[in-house]
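Right after this note come the structures.
Look for subunit A in each of the two complexes below; its partner is subunit B in the first and subunit C in the second.
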Partner chain A sequence: MLDIFINIFILLTVPFLMIGVIKKTKAFWSGRKGINIFQPFWDFLRLLNKETVYSSTTSWIFKITPIINFSVIFFASLFVPMANGLAIINIPFAFIIFSYVLALGKFFTLISALDTGSSFEGMGASREACFSTLVEPAFFIAIGSITALTQNYTFQSLKLILENAGIYGYLVITLAIITLFIMLLIECSRVPVDDPATHLELTMIHEVMILDNSGIDLALILWTSAIKMFLFASLISALIIPTGLPQIISILLFLSIIFIISIIIGTIESSTARYRMTHVFEFVFIMSITALLILTLVTYKLYGN
Partner chain B sequence: MKWILTENNKKINSLEIPTISIEDLKHDLKNMNLRVVGFFGKQEFENIRLYVTLADDKNGIFYISSVLFNPNEKSYESLTQDFPAFHIFEREFYEEFGIKPLNHPWLKPIRHNQDKYPFFSMRGEDVHEVAVGPIHAGVIEPGHFRFMCQGEKVYDLEIMLGYQHRGIEELILNSSNFNNRLAESICGDTVIGHNMAYSMVMESLSDTKISEKSKIIRRIALELERMAVHIGDMGAISGDMAYLPGASIFGTTRTLVINTMLEICGSRFGRGLINVGGINFDIDHSMEQKIIAMLDEVLHITQKTVKVMLKKSSCISRMEKTGFVSTENARLLGAVGMAARSSGVNIDSRFDFKDEFYQLIGKKLNFKATGDVYSRFRLRYEEVLQSANFIKNLLEILRQYNKQNLKSEIGFVSPNSFVISSVEGWRGEIVHIAITGANSELLRYKIKDSSFNNWYMLAMAVRNNGISDFPLCNKSFNLSYCGNDL
Partner chain C sequence: MDMFFIALGLLLLGGIFPFFVNDNSKIKICSYFAGLSTVVFVLYSILVLLTGKPIIANIYLSSLFGNVNFVIDALSAFFILIISVMSFIGIIYANGYLKSYIGKNKFNISVHCFFLMLLIASMIGVVTVQNSLLFLILWEIMSLSSFFLVIFESDKKEVISSGIKYLIYMHLSVIFIILAFALLNIYSGSLNFMDFSELLSKNKHFSNIVFLLAFTGFGIKAGFFPFHNWLPDAHPAAPSHVSGIMSGVMIKTGIYGILRILYLISIPSKLMAYTVLIIALLSSMYGVLYAITQHDIKRLLAYHSIENIGIIGIGIGIGLIGIVYNNPVAAVLGFSGGLLHILNHSIFKELLFFSAGSVYKQTHTRNIEYLGGIIKNMPYSSLLFAIGSIAISGLPPFNGFISELLIYGAMISGLPAPNTTVFITIIVSLASLAIVGTMAILCFTKAFGVMFLGSPRSEQAANVQNDVEKIMIIPMVILAFFALIIGIFPQYAASLVLSPVSLFIQGEIIINVFAILIQLLSYISLLFFVFILIILIITGLKFFISKKSRQYSTWGCGYDKPNNHMQYTASSYADLFVSTLKPMFKRIAHIKKPKELFPKDAYYEVEIEDIEEAYIVKPLLKFDEKILSKFEKIQNGNIQQYILFGLIFLLIAIIGLKYFG
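Up next, the complex of A and B:
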């Protein structure tokens, strides 16, 4: 019971802090003072107090999308192991629910972008759809192989790799971290795939789809994308945190891994230019290849002898 | 004699400008193979006189002639068919005087009638149009861009400007006295360049000899402006490809340069520094030391940052082969300035038209152009280094003229005169032409900012690139909207 409360508390607070830490890291590297790390949270509260404006070309789809998206991400987060390596709902094959529930949210984001009738948003939707199609198989191959390895098929079994695979486990964990991290950069539209800070509509992927949203809707969308990033970071930390630690240490370790991942994202954004749109695919294929390597290793481990 | 020859800033008698037929003009254009810098009309009683000015960059000479259209002649066979560089000039002439260039391939409005603009459009499966602007997300001027794309690939970009049209040429004609503040507002990022061209035209018209000291300080300001904008644009290019260190470091470095301008004349962009007859603010010994210290700091930071940047594969891969314009196309389109130099057309008014000071302090940059965004980035960097060097040399020469006056007595404007003045602003050649009448009144004042030539080059650069690379191409040129719209 306590775990559930801790998880929900973390889910409500940490995602915005992650965004704050990323922004602070970027400010540090560019020699600026930067914002308070709580600023994204204040921005969220500010947006909640603003009026929501709807364009006359939009329909009900545009209006319900932020709510659907938020409920979907909240539902998906129930299956993800967070503090102490425990998920609120721990059932086999949760990763399939997780993936398709997120896909539902994405589907609504796409049609809501098309709903505005703007040529920019249509372009963003087509880009987002294209990259998502490439992420999905890699996600299933990587996570599916790992859960097959542990014979448990739950998300929580991510931490059991070492116990089941021995020395191969280290290799699988490393590859899984790389896969999930690239997935995070793509899904959460960070540099070098997308630039969350740009004002140039023509180059955006994710940001361009929410150009027409305002007020409470925008606040929900920002929260949704912060949680999404946090969920991917949680999956990475589930791979790293060993089992059998005291609860308090496990939670602290979890938080510090999230913190470190934020700093790494910020540092990448401060030191790399964004890839050209046609070169992003090469980056995406790195992820597919690492996912396939995981599959190969797991197959060898399970059926090799 | 079909052409009259003149030099930069030299007054000639406007009555001596010969009149030729359009066939002769065509014939001569073919034989002379020169670059057009002026092609504008002037009402002459009921007739319209079309002045044609060509530049011979090799010898630093301007060729001037004119074509007379009587009220019955409402059209002529367009020159653009054979000489594409005339396309924008003929459009402007048609818009202002209604004389139609027949068979012009792209006869569209440039400053007026945006509501009736005939857009080029493509039909077919997968083809989609993206319309951007006139109001943009960033802090830039208004202008409408329309892309014809197939998926992510741009087939054609059409640029519709004119939103910034203020009628500057008429305002200059109507101002009773010399109005430098107006000249400074032609294009807000080339304050020194335009003001210098205006002042030199007016000084030549009125036979005013200004002191060496003020000439040198004007050139120092021109190079400071070049440095500031180039560094700022390097930052903007970095920002557009999401390279954070570049964006923030170049941004702060540019501030060092413009703050020095602030210390010299009280305006970060050099407003109020130059007046007809001289300059308003001196550079004394302590200011000289400050400028040199600033230059050293700026050079140090810029060199270090560029070195890191050009080692970063993600930066280079983003810039290389993006927005490519071949030397041939740049020459055909009549591109000028740094955009032309980045495509291998080596023209630079500072050196092509003999200038007493630039001859002393250096020569044209020897730049290996590749025509892409990378080339424009590197050219900016090399021009920053060159300008810093020029400023140091100019400051050294300035010491000899310590005792001279800042301002000189302004003479009377001569009647029936024609003066052309070309200044190499940071963006490229700025041409101002003035014609006076029998009572010394200004009859025509023609301004040509380098953006006027170069906008079409941007449209060429974007072709066959990804639409997401457009902002990067656009920033690498950084053309002026108000300089084009006047």
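Up next, the complex of A and C:
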């Protein structure tokens, strides 16, 4: 029971801090003082108090999308192992439910972008839809291969069994971390796939889809995307943290990994530029390649002799 | 069983009655009769599905047929349930849809009603009869009556040509089925399915050949790649209620045929498992890829039927692999997923066809590029289309998700596989199903977004005043309700498929697997309630916190007079994806470049042709034409000569029989 409360507490607080840490890191690399790491949280509160402007072209789809999206991400987070490597809900095939629930959110984001009748937002939607067709299969290949090793279909048990698989297990873990990290960059629209801080609509992917959202809607969307990034970071940390540690150490380790990931993201954003749209595909394919490498390793481990 | 035949008779009676009443009440009469018979059929099928015991009637028809078995076993019952309920819903919808055709001389409503009822009756017949000759006759009646339904708007040239294409494909299909049955008949000396079963389980090579023939034949009907070409032409040509019934129900008889043959074979071989799985994987990918490129909403939906038939096939294929490699969990989950997807697909595909039909009725266009913004004037139809889109994309908490989850579950429980081939096959299927899912999302966000959202892209869309009438909304609401109920109470839906699945998998283990499955699904059902609760809480909170709001125009970089043509269109939405996969498509561009100093008109139009049709079917047809044109001379319009040809043929046939028979 305590685990659940810890998880929910972390879920509600840490995502904004992650954004804060990323912004702080970027400020550090560009030699600025930067914002307080709690600033995203204050921004959120400020947005809650603002008036909402709806385009006269939009319909109810546009209004419910932020709600659906937030509910989706909250629901999906129940399946992700967080502090102490425990997920709130542990059922077989959790990763399928996880990715399909996230896809429901994506469905609404896409149609809400088309609802505004804006050419920019249609463009963003087109890009997002196209990239996600390439991300999902790689994710499924990676997770599918790993489940073949473990025979247990919950996120949580992955780690334990991988550790017992010896050198192959560690190789698979490393590759899985790379796959998930690339997936994080794509799904959460970070550099080099997308630049959340850009000012030019033509180059955006995710940001451009929410151009018309304002006030409480925008607040919800920002929170949603922060939590989404946090979830992928938690999946990565669930693969790193060794099993069998005392609870308090495990939680501390979890938090520090989350912040290290944020720092890495911040550093990448300061040191590289966004790819050209055509090159984004090549980046997305790296993920497929790491997924296929996992598949090869697992195949070798299972049938090599 | 008597009541069953009475219900069949009622259907036929409902088809004949409309000839004697006035135009307005024709389809109404049909719906009463269909409703009555549906009650009977549903009772029968529920009874069989619950008890698992087949109902058998043995009737002596004539010396030709011998004793004919009519059997409602669990498999038939499952299909009867789908056929009767879904067709009935389609007929209710037709009450509204046909209204604009009434009173015009060129449309013969009575004939349409007759063939509609005949189609339903023949479909019910096909899934119950266990005699191969009668099966073929009913199969042919089914194909012909649906042909007459397709060519309802026979004054249009393209309708006739797609109708004829459909007819040709159907007869190609029946040739293979006849071949399969003829082989069985020759070696068993009987017409009854029961006797085939014994023969098929004995000889492995023989059963492989029969299966491949039957799979080709039934696969053409079901719309498997590479025999899918009739679907995208026939569906747009037919009126919407017919497209709904054809896509939702009729193509499933092809699946029924495949399942029946598999049931008769009882011990599937590796060849069968891999054939089904690979063809199904190709179909699902091909269907959704081409759906993305379509602008005609009904063509788009037709391509999605190919995709969904593929998903059903993937379920069955994984199930077969489970049986072949002795993994009962994968077998049970695969078959349940496949069978449940048959039901689910009939629900959301009808829903989509009907709501697309409503849009067609109000705007008179099927081209989604001319639509947009109609969500404001057609609120119900658009909500229903949205529900259909979410369901067909396999997203929770609707029914499509449940069947896809079961199929994924089957794949994962097939891991770790007994050898590398199976392992790679399963992983490839896993990735394919995932990519099909995301492409479906791309396709339906395009369809829904461009059709209903944004601002109107043409006069037709701008002039829509109101939604369609109640009689068309109600059937769609029922379908949407089904989609939601199966989604949030999957455990009950899964128990529907328990008895049909147990026909294919021997052993006690199926009960245990099913118990675990039901337990898991009840848990998922609970989770969906949590999900809905979360949505309600967040909505409430948002309502509570939110400050005042106002309306303004869409952000356009400071330009606040955006016009309709600045929006993203369906083509531009799909373009990034389509251009990434260029080699998969054949693009035909129609360009008229601007000329002169003051150019008047110019256009650029891209059409995407089915590569299978362009590179395989058309060259074959050309080749065919080349040879057959040599025989043109014998078609001279002289009846005496035709009679002579007939006589010569008979003579050759008799001589042939004498020497080889």
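In this text, the second predicted complex is superposed on the first by the 301 of 305 C-alpha atoms of A that agree within 3 Å, B and C clash if a C-alpha of one lies under 4 Å from a C-alpha of the other, contacts with A are read in each partner's own complex, and residues count from 1 in each chain.
Basically, contacts are C-beta pairs under 8 Å (C-beta built on N, C-alpha and C of every residue); 3 or more make two chains touch, one makes a residue touch a chain.
What you are looking at is a predicted structure, and each value in this text was computed from that prediction instead of being measured.
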Based on the superposed arrangement, let me know which partner A:Ala148 touches: subunit B (first), subunit C (second), both, or neither?
second
Applying the touch criterion given at the start, work out whether A:Phe70 contacts subunit B, subunit C, both or neither, answering first, second, both or neither.
second
Name the contact category of A:Arg46: first (subunit B only), second (subunit C only), both, or neither.
neither
Does subunit A have more residues touched by subunit B or by subunit C?
C
For A:Tyr54 in the superposed arrangement: first (subunit B), second (subunit C), both or neither?
second
Give one of first, second, both or neither to describe whether A:Leu110 is in contact with subunit B, with subunit C, with both, or with none.
second
Contacts of A:Pro192 with subunit B and subunit C, given as first, second, both or neither:
first
Show which residues of subunit A both subunit B and subunit C reach, each in its own complex.
119-120, 122-123, 126-127, 201
Considering only the defined contacts, which subunit C positions touch subunit A in the complex?
372-373, 375-376, 386, 389-390, 393-396, 401, 404-405, 408-409, 411-412, 415-417, 419-420, 423-424, 426-427, 430-435, 437-439, 441-442, 444-446, 448-450, 453-455, 520, 523-524, 527, 530-531, 534-535, 538-539, 542, 545-557, 562, 564, 566-568, 572-577, 580
Residues of subunit A touching subunit C in the complex
48-61, 64, 66-68, 70-71, 74-75, 78, 89, 91-93, 96-97, 99-101, 103-104, 106-107, 110-111, 113-123, 125-127, 129-130, 132-133, 135-141, 144-145, 147-149, 151, 153, 201, 211-212, 215-216, 220, 281, 295, 299, 302-303
Inside the complex, what are the residues of subunit A that reach subunit B?
26, 29-32, 119-120, 122-123, 126-127, 191-192, 195, 197-203, 269-279
In the complex with subunit A, residue positions of subunit B that touch it
128-132, 137-138, 151-152, 238-245, 247-249, 252, 312, 314-315, 317-318, 322, 466-471
